[in-house]
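Before anything else, here's the structure in question.
Each chain gets a letter, A, B, C and D, in the order it is written, and its residues are counted from 1.
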């Protein structure tokens, strides 16, 4: 192992996951495979790859690309993930994943939690 | 929803996961449930809770506390996690989790990868 | 350099700074020394040290402990930082820094920005 | 303020800064303006903007674009930052910033620190 490798490892950087999401994904109805699929998409998006394939995603996971495809389909169907279509300069259509619905669900959940707590406090 | 809540959400902050680990946990032999168990411990350690219980961990996961206990046992047995014992001021023994073995395995894996690549390059 | 050191470096982890804050601290009226003072407090708080001294903070900065003390005083006076007093079990008073006012200012700023943009759009 | 804004703020995500760098940038010879200039470049690189202009950088800082240009020149001269030239598909030359020299300096510094400590331990 030489210095060159360690620099490369450092350069790769980190993925930041809000604690709010870490603490509540299960309550949103996500299991660990679904959550990690979304986090791999999150990392890909941040790294400039806006439409990672099931093969790419599953290469970093413990599931097959077929299982990954199934997971993606389910996440889209259940409103955690969307595919956005963009027209680029040459009027080709490009597709990108968006995690906006995930943040939306999280914030909606937190709002309900807060209202619930407020209601409880007022009843006491 | 008022400003107070949003401030609280911001204050919670984020958990940083090195991309090196995100990209290679599966190759280290971890599935998503095992990986997330370690990441919840990582978040607890950073937050000052050095020995989260299976009940605490599973409350943020899609698995039961019994399944979580099993996962912890397996992670310790397979050398991804250790429990360290410390004597505090009043000579009581306190236990804390340490993720040192995880980082050790990751770096060892990266070193082998690098050697492998170097060997391949030299053969060409 | 051996494996042991690299593991230690990895174990130290990262500090996450919201891009919202990175992009707008200057507009909030903070210069780089003030911003970094707050970020060192942020890192200390996350690491369980809730009241770092000017000597501790300045040891990681390019400024003297006297200049650091001045900066802290100014940040408190201008409402970016507060000191909270807590009574611990033995009824001793302990002091901790809180960055709540910083998040408050940031969110207030973002809200105003949004209203401004909305108003502009409606006028068009 | 509505839900839409908060979702946008969440979507922006965070910048991760290794604690190793947070704790030692001053010892590497960087002041806070220089460090933050590098961190703004780090954030831009992660976000896919590989050659932010002094105007872009200074718009997020408390310094003018002229002062920013001076800082960039000094950082390059002192070996904290490099500009890499790439030939793209249409054989145009594109320039990108690289923070590799920063990580290199950091790791070199940590290695020296370690050797120093080891030497001290052996002398005792």
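We take it that a residue touches a chain if its C-beta (ideal position, glycine included) is under 8 Å from a C-beta of that chain, and two chains touch if they have at least 3 such contacts.
All values derive from a computational prediction rather than experimental measurement.
**Student:** Would you mind naming the chains that touch chain A and likewise touch chain B?
**Tutor:** In this structure, the chains that contact chain B and also chain A are C, D.
**Student:** More C-beta contacts across A-C or across A-D?
**Tutor:** Contact tally favours A-D.
**Student:** I'd like to verify one number: the distance from the centre of chain A to the centre of chain D, where each centre is the average of its C-alpha atoms, in whole angstrom.
**Tutor:** Between these chains, centre-to-centre, one finds 26 Å.
**Student:** Could you say which residues in chain A touch two or more other chains, in rising order?
**Tutor:** 1, 3, 6, 13-16, 18, 111
**Student:** Counting only chain pairs that touch, give me the topology of the graph as line, ring, star, complete or other.
**Tutor:** complete
**Student:** For the complex, which residues does chain C have touching chain B?
**Tutor:** Where chain C meets chain B, its residues are 3, 6-7, 10-11, 13-16, 18, 46-48, 99-100, 103-104, 106-108, 111.
**Student:** Quick check: in the complex, which residue numbers of chain A touch chain C?
**Tutor:** 1, 3, 6, 14, 16
**Student:** In the complex of these two chains, what residues of chain B are touching chain A?
**Tutor:** 1, 5, 9, 12-20, 22-26, 30-33, 35-36, 39-40, 43, 60-63, 110-111, 114
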